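What follows is a set of notes on a single structure, which appears directly below.
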Amino acid sequence: MSASLLFDSPGPRTIARHRMYTVIAVVALIAIVGYAVIRLADAGQFEYDMWEVFITPRYDKVILIDGVLNTLRMAFSAIIGAVVIGVIFGIGKLSDHAFVRWPCWAFVEFFRAVPVLLLMVLFYYQYGITRGETGAYWSVVFALTVYNGAVLAEVFRAGVLAVPAGQAEAAYAMGMRKSQVMMIIQLPQAVKIMIPAIISQCVVALKDTSLGYAVTAPGLTFVGKQIYVGFANYVPTVIVIAAIYILLNLILTAIATWVQKRFVGEHKIDMYEVGGGMATGGGF
Amino acid sequence: MRLTRTRAVVVGLMLAVTTACGGNAGSDDSGKKVEADKDAAASLPADSHMKELADKGEITIGVKFDQPGLGFKDAASDVPTGFDVEIAKILAAGLGIDPASDKVKWVETISDNREPFLQKGRVDLVLASYSITDERKQIVGQTGPYMLTGQQVLVKKDSNIKGIEDLKGKEVCSAEGSTSLENVNAKGAKGVGAETYSACAEDVMAGSVPAMSTDGSILLGLAAQNEGELKVVGDEFSEEHIGVGYPKQYPEMCEWINETLQKSFDNGDWADAFESTLGKSGSETPEPPKLDACKS
Amino acid sequence: MSVLFDNWDLLLVAFAHTVLLFLIAGLLSLLFGTLLAAMRVGPIGVLRKAAGVFVTLVRNTPLLILLVFFRIAGPKIGIQFNWVDIVWGDIRMTAFFAAGAVALTLYTSAFVCEAIRSGINAVPVGQAEAARAIGLPFTDVMRAVVLPQAVRASVPPLASVQIALLKNSTVTGVFGVTEAFSRMRLFTNDFPTQRVGIFIGFALIFVLLVEIVSFGANRLERRWRIA
């Protein structure tokens, strides 16, 4: 339902009233933003030497390579692993055999409810701490894989169930076995439905790599820490790092929208149905 | 959608333009130049672990990467700098390994992984604000000290807190998991953990905590970095012996480390190292400490 | 896992902080998120754009960065929390706790806004058309027809968001709030041999809390169901 159905076309008095509201709103917004900027400037946060780091090519290289590249690598390794785990456990949850279904259900419920940070700390202290940087990297990747895998298992299950029932019925009528029905008929169509949710989990995974900060994993937040410890320029660093994350996520979301348009077409997907993708932000 | 893409393009262009302008932040300071001492290396006792390292020509040393003045690796450089690092270079030189070459591998050790790294052999030495304690001596070898510090308190310039006694029941910031935090709690204050000491300094300046506490040398560095907004107060209320960590299974390293350290005390290398790192923040170069005897 | 039973008082204090963060941030984010949603579907274009920009920025920023902002950059703009000083025994709600609660609130309200908007969008178009056809003004359309159905439809995504909030409270532990995560880190450090046991203990408590919230949401949904 579009918002414009909620109210009539405005008459002259309403237009005038709305104009007044608009002016008040604009003034208020400018005041808030302006206040923040002025206070920052007062505190000397806009001085050149605080921002110089970010236009020094040496540091830019570090930010991009050690920071962005590592973050992207961690996120994508985690997503690939998560898709694999998601498929396995999603199909497991749909199994006819209870002894397969119950353990899968337990796994998925458990790892969806546990905060990612706890997983990261467990993996790091148990396995990663003796391996230094690569240990921290892989503990982040494993934690993200397991967590997103559990979430994607739900998405896969919902996706398979969203395939019109007639498809499966026709396949059974033709004499196909359960596994053939799953592999040939249901999964391919389910994947098309699930792509938006998968990519929204990518955004979640990307944001969660920032938690590697707590276990000294490489990535954008780690590079940020190095810079602000060395130059004592917290506010500029936070602003720049936040801007980079927002940029990466916006790009990823743009890719998701393009993929959806390209591969799914006019078939209207109810984003909420398939596992609560973007609208609810998944887990984090 | 169009708007997003346009925004992205605009930001990209801005980035390209700004990088082209080229700033020049950060220094190229890679610390003192320490020469490898081939004679000392030749006189190492045979079939000691030190001889093995000297023959291999490589050594891996664990230091801190996030502690300016002691062990700090700048984002864009390959090697860390700081007082711990300088002393480590002196030790590496004592093995005949050139400290400026890439035969010396610097590894970051945080408070939690100093012992596991030594036990698993991931590092050969640890010089990372490593206080000598009896508990730690059960698991790893420790000798020195090469620096004595005491814990003090850092407060805002206009605060009237005079020492840790004034902070009973109040919050005091220190680094998560450090002995400084434990000492603060032992003195009756409420320790609050932060990721780094620099973050604590920011908190003190913002007024979120009344004070922070850690080794006096680090506090002086932070006060210097923040130009007059902070001051160090109070007598030292705990004493830390900062020493060198080595794997427990090579007890012969103790004697050798002590000899090398003593030599650096005597010939002024130690004082030089101090002046070029911590001394820059205005601290006076103290007397070299007295080394603990190695237990045989 | 025995260390958890020996130190159950520390455990309790830690989870008390977690639950307090959840309750405070949850309530505030529901309020602020509703406000944002109202701005986003309302008639004033400037507010629509502003709310849209806010929600997009916050949804695409990691929570950690928001926390760092409030802890470090906030004080410089004058966003101070040192006037917050509520101490109930061992439960300290001071500056860091307040900064964490505010960051969590802002972060979650963006998602609450989206959840409510999806709820509003789920109300069939015909309802609004019929309401206007019988001559109801805007406020009555919202109050009598759209909002009741929208709220009902928003419950599942809202529950999802609040569960995410419960888990996100662990991130404040990285910044000096003595809640569940930081307590787990301390235990894991001090008792390395019991790491897995400690983890399973904390994880099970979280599963319990999540199930409680889930259960509550389910009951609410069932109460409001019409068909």
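In this document, chain identifiers A, B and C correspond to the written order of the chains, with residue numbering beginning at 1 in each.
Following the convention adopted for this analysis, a contact is a pair of C-beta atoms (placed from the backbone, for glycine too) under 8 Å apart; a residue touches a chain by one contact, two chains touch by 3 or more.
Bear in mind the structure is a predicted one, so any value in this text is a computation, not a measurement.
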Of all the other chains, whose mean CA position lies farthest from chain A?
B
Applying the contact rule given earlier, which two chains have the most C-beta pairs between them?
A-C
What's the distance between the Cα centroids of chain A and chain B, rounded to whole Å?
37
Distance between the centres, which are taken as Cα means, of chain C and chain B, whole angstrom:
39
Can you compute the centre-to-centre distance for chain A and chain C, using the mean CA position of each chain? Integer Å is fine.
17
Which residues does chain B have that touch at least 2 chains other than itself?
112, 195, 202
List, in ascending order, every residue of chain C touching at least 2 other chains.
72, 76, 174, 185, 189
Scan chain A for residues touching two or more other chains and write them down.
125, 213, 234, 250, 253
The residues of chain B that touch chain C in their complex are 112, 171, 173, 176-177, 190, 192-195, 199, 202-203, 205-209
Chain B partner contacts - residues on chain A that touch it in the complex
49, 52-63, 66, 125, 129-133, 213, 216, 223, 225-232, 234, 243, 247, 250-251, 253-254, 257
Can you name the residues of chain A that touch chain C in the complex?
1-3, 5-8, 10, 18, 21-22, 25-26, 29, 35-36, 39-40, 43, 45, 109-110, 112-118, 121-122, 125-126, 203, 207-208, 210-211, 213-214, 221, 234-235, 238-239, 241-242, 245-246, 249-250, 253, 271-272, 276, 278-284
Which residues of chain C touch chain B in their complex?
71-72, 74-76, 80-82, 92, 94-96, 99, 174-176, 182, 185-186, 189
Quick check on the complex: what are the chain B residues that touch chain A?
1, 4-5, 7-8, 11, 18-19, 21-26, 65-66, 68, 72-76, 107-108, 110, 112-113, 116-117, 120, 122, 195-196, 198, 202, 225-226
